[in-house]
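After this come two complexes, each holding subunit A, first together with subunit B and then together with subunit C.
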Partner chain A sequence: MELIRKAKSGTLESSDVLVTVEPAGELIITLDSPVKEQFACAILETVRGVLEDFSVRTGKIELADQGALDCTIRARLTTALKRASQPAGGEK
Partner chain B sequence: MKRDNKVMPSLAEAIRQTGLRDGMTVSFHHHLRDGDAVLNLVLAECEKLGVRDLTVNASALMACHHPIVDFIRKGTVTGIECNYMHPVVGHEISKGLLAREVIFRSHGGRPAALERKEAHIDVAFIAASTSDRAGNCNGRDGRTAFGSIGYAMPDAEHADNVVVVTDHLAPYPVSVASIDERYVDAVVVIDSIGDPDKIMSGTTRVTRDPIGLLIADYTARALSASGLLEDGLSFQTGAGGTSLAVASFIGEIMRGRGIRGSFASGGITGMLVDLFQEGLFETLIDVQCFDRDAVRSIRDNEKHREISASTYASPAVKSSVVDHLDIVILGATEIDSQFNVNVHTDSNGFIMGGSGGHSDTAAGAKLSVIVAPLIRARLPLIVDRVGTISTPGKDVDLLVTQYGLACNPEKTELDYRLRSAGLPVFTIEELHERAVGITGVPGRHPSQGRPVARVVSRDGDLLDIIRAVNR
Partner chain C sequence: MRRSLLFLPGNQPGMLQSGGVLPADTLIFDLEDSVAAGEKDAARELVASALRSFDFGRRELSARINDLETKHAFTDLKTLIPAGIETIMLPKVSGGDMVQQVAALFDEIELEHGIVKGRIKIIALIETACGVEHAYEVAVASPRVVALALGAEDLAADLGCARTKEGREIFYSRSRLIIAAKAAGIEALDTPFTDARDTEGCYEDALFARSLGYAGKLCISPHHLDSIHRAFMPSKAEIEFALDVTEAMRRAKEDKRGAVSLRGKMIDLPVLLQAERTLHLARAAGLIQEEPDGENNHEA
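Let's turn to the complex of A and B:
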């Protein structure tokens, strides 16, 4: 999958995560989370797994996490990646 | 000092006459909660007078007391004793702001420490919404009325010097002297002691969150099955959305079965006032009003009684109200397999609260129930070992979450009753596994810094130590 534009998915509500992805020359993942001390490794592992599933090797991936569960992180990141790979206005 | 007129021309003059010196302890009460102006005003005046090295003994430090952080940096304040500390102050303490350890007590432990002479107050500053020239005062009359003044009563009795700070001077004698002139050295009139609109902070309505409602429903069914929902019931609950939902459901059950309770106690909310006015409870016993309805009710109803913190919960007196409680509903930040409860520190080790009446009511009540969601923002409620022991597990009987209930293993009869009623009862270990199955296993990094606070049990023993967070 190729990222062609900046896209977002999610919210800043508790237990959700706001994922922002945009094209970049390298892979940069940033994580901000109130549960970083407890779950940073688990969250990053999930993120890398989803990126691998979509064969995304470069891009800027920003997570403003509010304590989202694994399934939520996966869903939000998947949606953000799909949005970022389509031309603007292309999604329904 | 004239015995018939104690009114001082200014706060500075009032402080000066107390003989307040470096190294002394001053006390405050928090009935105006996030609207209190008196603590900040007094400390600012102390700073101007050049008094340093003060210990502040406050029933609670709220968000509005954030300026205390500056007074600590300037050396005006070098010690804190309190029963609750809002995170805006707590985070600074956890980062090592104060060289001396904070002493955390409970609402009953604080007066008990005065009664046992383990704590000493040199000068008590008492915010009162009405006072006469002799210091007969209360919190129920005047434009800044906040209701019960219960936490300040032990201060008035035990402090060496008592200053009543009011914004409404009434003719002698005021009709209700919650604190009376025998104890008062000086009265000072200021423009405003605070903003009573800010007494009510956070949620004070029945929750609409389905998880909270499910927890409240399980709780009501558990109480119903416990055998304690009988005529003469005594009950206490907090002001959180889930607690209020429990109170509302209990009201429904009592109405349905024609049960008449004896008293509801504690921090009193409009919800409890409603149940009382409907006749479901005979009396309200009030150490602190949580909202305007409670403030109005304590003024208008004789059976809505104002009590001191000592009468409420002190273990150092011959008996207190908590000893008569059947049921108390409480919250938790964390609970462990020993049923120890933490309400002092967050998952990262930062101070964010305190016992309040948690450990007192848990110890006193026949049935103490912890209501809390099993998972909050990916953090499991149940942990291997709580970050801080606020209430020891021996005083906690039942945990209710949206995924099910767990009884303290000591409570075999309760466990049997709940299972027989068809409630989803598990062991606390089973609920723990359930939570971690959803969230993943959280990494734990206990704070390793120097001690910044000690949690003292209501009996005066060391319950736990809170360490600095060095991250």
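Let's turn to the complex of A and C:
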């Protein structure tokens, strides 16, 4: 999958995560989370798994986590990647 | 058993997570009205991910997809059926042809994903004048249709009348739907009570729906679940009578008789069927339990 534009998915509400992705020359993942100390490894493992599923090797991935579960992180990142790979105004 | 069918907004992770602990008989993951137009893709992905990850126990898992006339409906089905949804609530069903088109699509998706043909069921949401007029046609359009549900808010808008708590404006539609559903041998499900804070009003509304023959009620707030379950809970006298009926009919069967006298009244198969439904509801409410030999036992 090729990222062609900046896209977001999710919210800053409790139990959610706001994911922002955009094209970049290398892979940069940043995580902001109230549970970063305890769960950063697990969250980043999920993120890397989704990126691998979509064959995304470069891009800037930002996560503003509000205590989201694994399946929520997976869903929000998937949506953001799909949005970023389509021209603006594409299929929603 | 579908006494309570709770809508959960499809794009709110916190609400989806709570589905596993709320005592609803059916959870309806909503992709339609509660999801903003630009967030349909996100909601679809989130619900599919939740279906694959959470243990929702024995609750029936349903999803209200988007209007069949939108571009979203097809993608909703293609995403949610492989993820494990059990029933699809079709909004704004206006005729049998609409159901048949969707059923044919289900056939394709089931085949593609190795799902047993016919496994995915349909709850047809009737919320237009045209839908009410064609309710029986909708109910018999496919064996996948397991229930007709009334959506009174959209119906009132279509009829051009005000929606009231008393619900006089939907009395005809409620009656028409129950006749259509029963004639087709499926369930009828009542419209939600929309005042989330008025639990007693919800109880009265659900009690009235039950008196008409409705099997359950749609629900927009977890606060209404207890009211709905109370309304669909049989009374002690109803349970005692039902137990007496089943015992009397068991003896009648042994004596090779089709009808028998109980408390001065003749009882036969239709009365037995009613009694069995009462006992089914009583079991669901925890008022009676099965004995090891299969007989029912009334808890004092």
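In the analysis below, the second predicted complex is superposed on the first by the 92 of 92 C-alpha atoms of A that agree within 3 Å, B and C clash if a C-alpha of one lies under 4 Å from a C-alpha of the other, contacts with A are read in each partner's own complex, and residues count from 1 in each chain.
Please note the rule applied: a contact is a pair of C-beta atoms (placed from the backbone, for glycine too) under 8 Å apart; a residue touches a chain by one contact, two chains touch by 3 or more.
Everything numeric here is computed off the predicted structure, so don't read it as measured data.
Engineer: Record, for the superposition on subunit A, whether partners subunit B and subunit C clash or fit.
Structural biologist: These partners fit in the superposed model.
Engineer: Which holds for A:41: it touches subunit B only (first), subunit C only (second), both, or neither?
Structural biologist: In the superposed model, A:41 contacts subunit B only, not subunit C.
Engineer: Among the partners subunit B and subunit C, which is in contact with a greater number of residues of subunit A?
Structural biologist: C
Engineer: On the chain A superposition, what angle, as a multiple of 10 degrees, is formed at subunit A by the C-alpha centres of subunit B and subunit C?
Structural biologist: For this superposition the angle at subunit A equals 70 degrees.
Engineer: In the superposed arrangement, does A:60 touch subunit B (first), subunit C (second), both or neither?
Structural biologist: After superposition on chain A, A:60 lies in contact with neither partner.
Engineer: Tell me which partner A:69 touches in the superposition: subunit B (first), subunit C (second), both or neither.
Structural biologist: In the superposition, A:69 contacts both subunit B and subunit C.
Engineer: Determine, under the contact definition given at the top, whether A:15 touches first (subunit B), second (subunit C), both, or neither.
Structural biologist: Both: A:15 reaches subunit B and subunit C.
Engineer: Quick one: is A:5 in contact with subunit B, with subunit C, with both, or with neither? Answer first, second, both or neither.
Structural biologist: neither
Engineer: With both complexes overlaid on chain A, what's the closest CA-to-CA approach of subunit B to subunit C, in Å?
Structural biologist: 5
Engineer: Do any residues of subunit A touch both subunit B and subunit C, and if so, which are they?
Structural biologist: Subunit A residues touching both partners: 14-15, 68-70.
Engineer: Going by the contact rule at the top, pick out the subunit B residues touching subunit A in the complex.
Structural biologist: 347-348, 376-379, 438-440, 442-445, 471
Engineer: Given the complex with subunit A, which residues does subunit C contribute to the contact?
Structural biologist: 12-14, 17, 37-42, 45-46, 48-50, 52-54, 71-72, 75
Engineer: Note which residues of subunit A are touching subunit B in the complex, please.
Structural biologist: Residue positions touching the partner: 14-15, 34-35, 37-42, 66-70.
Engineer: Okay, in this complex, where on subunit A does subunit C touch?
Structural biologist: 9-10, 13-16, 68-72, 74-76, 78-79, 82-83, 91-92
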